[in-house]
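Would you mind keeping the following structure in view while I ask a few things?
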Amino acid sequence: MTDAGMTGATDYRGWTRPPFIKRPWLRWALYGGGLLYLVLAVASVEVNWVRVWEGLERGQRFIEGFLVPDFTSRWEDILQGMEESLTMSVTATVVGVLISIPIGIGAARNIAPLPIYAVCRAIVALSRSFQEIIVAILFVAMFGFGPFAGFLTLSFATIGFLAKLLAEDIEDIDEAQAEAVRATGAGWWQIVNYAIQPQVMPRLIGLSLYRLDINFRESAVIGIVGAGGIGATLNTAMDRYEYDSAAAILILIILIVMAAEYLSGYVRKWVQ
Amino acid sequence: MLRLKDLSKVYATGDRALTDVSLTVEPGQVVGLIGPSGAGKSTLIRCINRLVEPTSGQVYLGDMDITGLSRGGLRRARRRIGMIFQEYALVERLTVMENVLSGRLGYVGFWRSFFRKFPPASIENAYRLLDRVGLSDHVNKRADALSGGQRQRVGIARALEQDPDLLLIDEPTASLDPKTSRQIMRLIVEICDERGLPAIINIHDVALAQQFVRRVIGLQSGRVVFDGSPDELTADVLTQIYGEEDWSATIRKADEDGEDIDEDADHPGTVPVDRERLAGLT
Amino acid sequence: MMTMTDLAHRTWRRRSTRKELALWLGWLLLVALFVFCWQVMTESTIWAFVTDAPRQAADIGSRMFPPRWEYIPALLEPLWDTLNIATLGTLLALFMAVPVAFMAARNTTPSTRFVRPVALLIIVASRSINSLIWALLLVAVIGPGVMAGIVAIALRSIGFVAKLLYEAIEEIDEAQVEAVAATGASKAQVMDYAVVPQILPAFAGITVFRWDINIRESTVLGLVGAGGLGLRLQESLNVLAWPQVTVIFILILITVLVSEWVSAKVRHAII
């Protein structure tokens, strides 16, 4: 049987793909609205092409900087900045993890009583709503310039991130295991220790390592507002138009992040 | 006509899946391929359309040597070979119609297929096939909204939409319940008879194979160890294929099932097409 | 052989002595690392400032209130810019991230040896550098303004979107790909019919998720001159206009909450 010529063309039943949004008015409203927004948004972007043209020369110098990065002339500053960034990432991660474990347990609806749950969720929401940069601005204003403000910022951000994910993990555990331990007459602490800890521990370790990685990356940013670390060095290099030094710093950041990712993958495999 | 000559496959891991398999499938013949898990059944039918590249040997479809084809030639050859899969292998998030029409992909250009502008004749044929397999009411449903039996019917329609010269069928009933399995097998055999279409069916259920096909090939560790009619499948033969086991129940069960379900099981070619029953079974 | 007396005194320990030792050593190393890092970090800390912090906090707090609500009209245009930076930046990123993702996924890459490492390098470079740093570079190159913000957001998002997308591509059901290839479809058709339908939900989810993050990030890009609300924040901080800073913080908070709500709704609708 061939698919053509069996019946006359007039008998053919047509077919078109059913549209993703069924109601036509809604479909066209969404398409039209989207298009209108795009036009307005693009129109409101003012570009100073003369400035862009002038900037191209700098862009070129930047690319040259990346090809021939200058590690030596600012090596002292880079070293100091990296030292601050790395140490504040480590300390902030450790402190953040330690604080977020009780908060995470408290923010898990299946094991925490309602008042504690509400308080812990509020802390998580507060920590997550504010950008690291904004927190850093406030902490720098309170504690003065330097890595200590950065350490506080990153600890604060770690709490929101880790406590939320930990709470979700605890809420997702296999209830049967918790029930089995509860059935033996175990107390609340024993349930946490025997039924919940084994289930969430590998992921907690994985997440902590991931957060260490994020903290390092963030530490490169908060220096821009004075909270110490490699970001301050980078900002200075940019201000002085030393693009080859800036490129060197960026390359180092990328390398450290790559190394951290590789290492954390290794550790995660080892833990599981 | 399909002819395999000394077909062998050694995987990169060193596993020998097929060793010197030679066989011929005559026009209109439906062959059941049986054998234990890991005997190479799946590899064998995938070597025919080169979803798995054979290590050595030839596959002839008519006069064409499929094993020697270039990429473009292989694509044209694949258009002529319909394939039905275990677990259906439908594109779950596309509609039933899109899944059936994907059988024509080898015949239309990229942009036509991208905008789903298939030739009217292909669409009409897809409608007719969906009528035939009893899915007329589900044309615009997404494939993942169907039951197992319905999905396999879509899989059959997709293969037939290719208007193939050969059907390769990989464990069509592996994930279906016994009743649906029989319905699907019957549908496949009926369609093959209607069209005089040769087919190779991988099947792990010996009783089902005995009931529906007229030629059985037994595969063991990548070698053909049996080739004959279902009646010749004695306990000795089954032991040779699968290993030592009490086979009496299997053999008797097949006979009973055959009488129970279909009086004409010995002559599938003469079974009248029971459209009402098919339509009611969706 | 185990005698009866041995059986009577069998003890159980979770770990062997050696493993126990290794575990303790690990913890010890962690504590030592922490103490060392802490000392290095606080070397230059002036503790007088730290102990003074509560007073400073109270001082800033008192200056932040009451918020200067009349400042809101001046914030509407930067708010619109912030929205545009996030949305257009995300769209721009998608155009670049999709090809990178297909080049990075093992099952779709044209070449595992040459193309894939390049795609992975693009992903890691883009991901390692925060959008604020990208903005810092771009402001220097193409000048301050919304454009620098859009490109910065796009450059940062490529890695994020491409990474999640290529992981989704690697997880697709190969049987569906095989089935479409078996009909004689070309490579492009297999992509369109078997790969794209499978990754579309993940793609939409990733896009909305990243858009949500980009809204957050674009609120502060102005600190380095890349347009949006951050620009006003920088101005207000420079003149220590704390009541205005409060208004900006509140506006940022509302924007972030709304975008999170929208993104959660959309993701819910897709899945």
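For reference, chains read A, B and C in written order, and residue numbers begin at 1 within each chain.
We take it that a contact is a pair of C-beta atoms (placed from the backbone, for glycine too) under 8 Å apart; a residue touches a chain by one contact, two chains touch by 3 or more.
Which protein is which chain? UniProt says A, C = Phosphonate transport system permease protein; B = Phosphonate transport system ATP-binding protein.
Please read these numbers as outputs of a predicted model, since none were measured by experiment.
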*Counting C-beta pairs in contact, pick out the pair of chains that comes out on top.*
A-C
*Of all the other chains, whose mean CA position lies farthest from chain C?*
B
*asked:* Using Cα averages as centroids, what's the distance between chain B and chain C in whole Å?
replied: 48
*Geometric centre distance via CA averages, chain C-chain A, whole Å*: 3
*Two or more other chains in contact with one residue: find those residues in chain B.*
98, 104
*Footprint of chain A on chain C - complex, ascending*: 30, 33-34, 37-38, 40-42, 44-46, 49-50, 53, 56-57, 60, 80-81, 83-84, 87-88, 124-125, 127-130, 132-133, 136-137, 140-143, 145-147, 150, 216-217, 219-220, 223-224, 237, 249, 252-253, 256-257
*Considering the complex alone, what residue numbers of chain B touch chain A?*
95, 97-98, 104, 116, 118-127, 139-140, 161, 163, 195
_Which stretch or stretches of chain A touch chain C in the complex?_
37, 41-42, 44-48, 51-52, 54-56, 58-59, 62, 83-84, 86-88, 90-91, 94, 129-131, 133-134, 137-138, 141-144, 146-148, 151, 217-218, 220-221, 224-225, 231, 234-235, 238, 241, 246, 250, 253-254, 257-258, 261
_Interface residues, chain B side, partner chain C - complex_ = 49, 51, 75-83, 85, 87, 89-94, 98, 102-107, 110, 113-114, 155, 158, 162, 168
_For the complex, give me every residue of chain C touching chain B._
173, 175-176, 178-186, 188-189, 192-194, 197-198, 200-201
